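Across the two complexes that follow, chain A remains constant while its partner is chain B and subsequently chain C.
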Partner chain A sequence: MNLTLDAYAHRDSPLHRWEPRCKLVALLVLLFAFAFVRDLRLLPAMLLVTAGLYAASRLPAALLLSRLRYPGMFLLLFALLVPLLVGSTILLKIGPLALYREGLLFLLLVATRFGAILTVSIVLFGTMPFLTSVRALRALGLPEILADMTLLAYRYLHELGRDLRMMQTAMRLRGFQGRAFSPRNLRMPAALVGSLLVRSYARSERVYQAMILRGYGHESACCASTLVPVTRPDLMALVGTLLVATGFVVGDVLLRTGALV
Partner chain B sequence: MSTQPPQPTPAAEGAPGVAPHLLYVTGLSFAYPGRPGLLRDLHLTLQPGERVGVIGPNGAGKTTLFMLLCGVLTPDSGMIRLLERPVTPGTFHPEIGMVFQNPDDQLFCLSVWDDVAFGPQNLGLSRAEVAARVEAALTTTGVRHLAERPPQQLSGGEQRMVAIAGVLALHPRLVIYDEPSANLDIRSRRRLIQFLQASPETLLLASHDLELILEVCDRVLLLDAGQIVGDGRPYVVMGDAALMAAHGLERPATLL
Partner chain C sequence: MHLPDGILPVTVCAAGYATGGALTWYALRKINRQANPRARVPQAALLTAAFFVASWIHIPVPPTSVHLILNGLLGVLLGYYAVPAILIGLFFQAVMFQHGGLTTLGVNATMMGLPALLAYVLFRLRFLFGRESRAGTGLAGFLGGAGGLALAVLIFYGLLVTTIPATLDIRMERAAITALALAHIPVVLLEGVFTALVVLFLQRVRPDLLDGASGWTPPVPVAAPDPSLPGIRGADEPHA
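So, the complex of A and B:
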């Protein structure tokens, strides 16, 4: 599993060139606007905006598909249960199982919002180096300790991934297949995860000691902004995105209250 | 040449006409909670410019000693003075730097440049001063070309040199190396030895690589059971077969 968020941050596109703080504010507001939508009539517009953003980012489609794979598994579980459990209008009945209209529509809403939010997130963090993202968040007011924790977590996520792969290889080399559903095959991955947690804790202690030895907490680190200045196009894109986000929120309210048909 | 550790006389420390020690340790004792005493009434002095190797079996307390000297751990008793000033546990002492056994534990930024800049930034230096220190440290350690790389993509030898650069950027007076040649290939090891031989800082170096100790150090401390049981020239201490065998070690091949 590739844990790198910014593998394509070096590419060139309007989204890559967008000033980081403006991009963060604009796309985070858009994400919240998408999460607010509950009227199904806005879903096509949501998909259109999302597709437009992704196309403008010039990120490869393979990246989106790979990033959607694992979260999609959770959505699949949701998709299997909700149409069968939520609602009252039966569309199809097979034995004791009934497929409900309301459940299907709710699934459509959740799946579309989920896909749109995840895609916009990939655009947001995939079009600039992760360090730039954190610096932009810091410039927008994220507390320093949270910024440090985020960077450290990202830095050592790769080590966790590597340790996990090594341990899985070691298990396979000693004959563990883990395919059959059995108590042992559930216990072994659990032990592996537990071992990773213990190792991570021990590592975090050593890393903290190394940080202390180089003065962490002694003086505020010089973090005068290394971000590029904001230009007129950046601001225009910010305002435009905020207007779109506002449109979704207002439109949803008006549609649901019947003021807009 | 004596293999027995000389006991520093507290009265001599700071006395007129007595050259000040870079590091002065007396009566140092430490035990981890719930475990027997690891270091017991340990005495040690270092002069500026010395290159001191610390050898001993696993569990002798080498890493613990280093953590105490840096102020990361609090001793149960004893005194540690660095450049005439007490080392206060929990306080930042940029005069003393430590390169960990696993460099991955001390490369915690997302790029080599940022990692080396971390220490100077914590000193409150200006952007220009930080940049100058980082450039100098990267150039000295021969890793300037890796400045934009993420640390996790570096080889073991490269990580080691970047970790050293990160410590050197603080301009320490004393640099402690914990197993610096661990996991290095022959070429990287040779490069490290050449680097250490050319280092102007005072060095305190723990290693199971006794040949490296012979090539780099001019004094060796043999640590075992919480005590310094040997202190002297490397070829004298490590050439004493009986002493080495008594403490779970062997003479290096060069001295056979």
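So, the complex of A and C:
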């Protein structure tokens, strides 16, 4: 399992240099504008904006492909069912199967929106270190408890993942196979999950004490001050992205109400 | 069990953020009212990480295997901290595996977080049987695990049914969705049994973990640092 988000966070590109708070606001608004689109005629523009952003981020294409593989399976299931089940206008009929126009168009809309939103979110969180993302979110008003929990959970994901793999290896070395469904094969994984919880709980007690020793709970330097100041190009990029997002929303409303033909 | 980006209309995503935000606000308010809200942050964070990796464990159900959702168990063990824990877990899944999504984060957090709180309430039924009763703890664990997942499944399919675009064949799709929801009954039962087994394991090994969600105190009494001592960070600056 690859749990790292920071593999490409230290490259150099306009998106890497964009101030994190501006980038978060701009790209999150863009994501929602994409989710708003229901008119098929806006899809080429959506793809164009997404491709432009990805190219500007200078992230490798292999990253996008590897990230799209897993959610792609879900989409494939959707693609196999919807065009055959949904709609009234038959495009093609093979034996008992019929391919419907409405289903196909709905699939096209969903798949494009899905791909565009995923790609932009990869650009958003792939072009800055995770710590910076959380700091920027905190500066934008994320509650402190949430920010602390996020960072700590991220810090210990890898270690607990390693603990789990180690315990699973130990189980296999002692002859546990667990391929059939039986009460025992349910009890053993339950004990595994229980042990993992006990381990993480015991570890958290030590972590908490270490944190208190380092002054946790006493307000120190505010996180906002560790972020770089916002410059004019950052703001211009923010305004530009917000305008593009507004364009998608307004364009969709106009196209669907028929004001724009 | 997560709704991905791009499928739901944006109104549902926005409503999801509203309900998810309200739920998180409510949970954080409850947390902040505790005597020392930060004391449980490391515990809750590490258990969040533990639940995240525990969801990779597959249970053999021939001919295939299923992975567990564990949102009921999360509610049972973490109480109100389960809501931020689920939000963070879903956020990690969205940014690391593109599982779920950022626009549907609110919807998914509500779908999993609300049932986790229900599981927390259901698990407290064990006090009717007495803290030491194994049968009572097992039964309450089953109810928490099964109830937590059952409510999540109901919300999931409820959302799918109500957001089907009007031009599509609603009758057929509803039938398909109902069939899928019914197919989840064995998974709900399995989740309940599994939660009961984990809870019984913890009762044997670390019973204090089960009491964690209710009336929690730090495991080892650790005094907060005295700000008047030299060398404590922040001691010299005035703060609010």
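The rule is simple: the second predicted complex is superposed on the first by the 191 of 261 C-alpha atoms of A that agree within 3 Å, B and C clash if a C-alpha of one lies under 4 Å from a C-alpha of the other, contacts with A are read in each partner's own complex, and residues count from 1 in each chain.
In the analysis below, a contact is a pair of C-beta atoms (placed from the backbone, for glycine too) under 8 Å apart; a residue touches a chain by one contact, two chains touch by 3 or more.
It should be emphasised that the depicted structure is a prediction, and the values quoted were computed from it without experimental measurement.
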Is it chain B or chain C that touches the larger share of residues in chain A? C
Considering only touches as defined above, state whether A:L131 meets chain B (first), chain C (second), both or neither. first
Between chain B (first) and chain C (second), which does A:Y154 come into contact with in this model arrangement: first, second, both, or neither? both
Scan A:A61 for contacts with chain B and chain C and give back first, second, both or neither. neither
Examine A:R187 and indicate which partner it touches, taking first as chain B and second as chain C; both and neither are also allowed. second
Is A:V207 touching anything from chain B or chain C once the two structures are fitted on A? First, second, both or neither. both
On the A-aligned overlay, A:Y216 touches which partner chain: chain B = first, chain C = second, or both, or neither? both
Footprint overlap on chain A, comparing chain B with chain C: 151-152, 154, 156, 203, 207, 209, 211-220
How about chain A: which of its residues touch chain B in the complex? 129-131, 151-152, 154-156, 158-159, 162, 203, 206-207, 209-224
Looking at the complex, which residues from chain A come into contact with chain C? 1-3, 5, 28, 31-32, 34-36, 38, 67-68, 70-71, 74-75, 78, 85-88, 102-103, 106, 110-118, 121-122, 125, 143, 145-146, 148-154, 156-157, 160-161, 163-164, 178-181, 185-187, 189-201, 203-205, 207-209, 211-220
Quick one: which bits of chain B touch chain A in the complex? Just the residue numbers, please. 67, 70, 72, 92, 94, 97-98, 100, 102, 104-106, 108-111, 114, 118-119, 121-127, 130, 151-152, 166-167, 170
What residues of chain C sit close enough to touch chain A in their complex? 4-10, 13-14, 24, 28, 31-32, 37-39, 41-50, 52-54, 56-57, 59-62, 70, 73, 77, 84-85, 87-89, 91-92, 94-99, 101-103, 165, 167-169, 172-173, 176, 190, 193-194, 197-198, 201-202, 205-206, 209, 218-220, 222, 224-225, 227, 232-235, 239-240
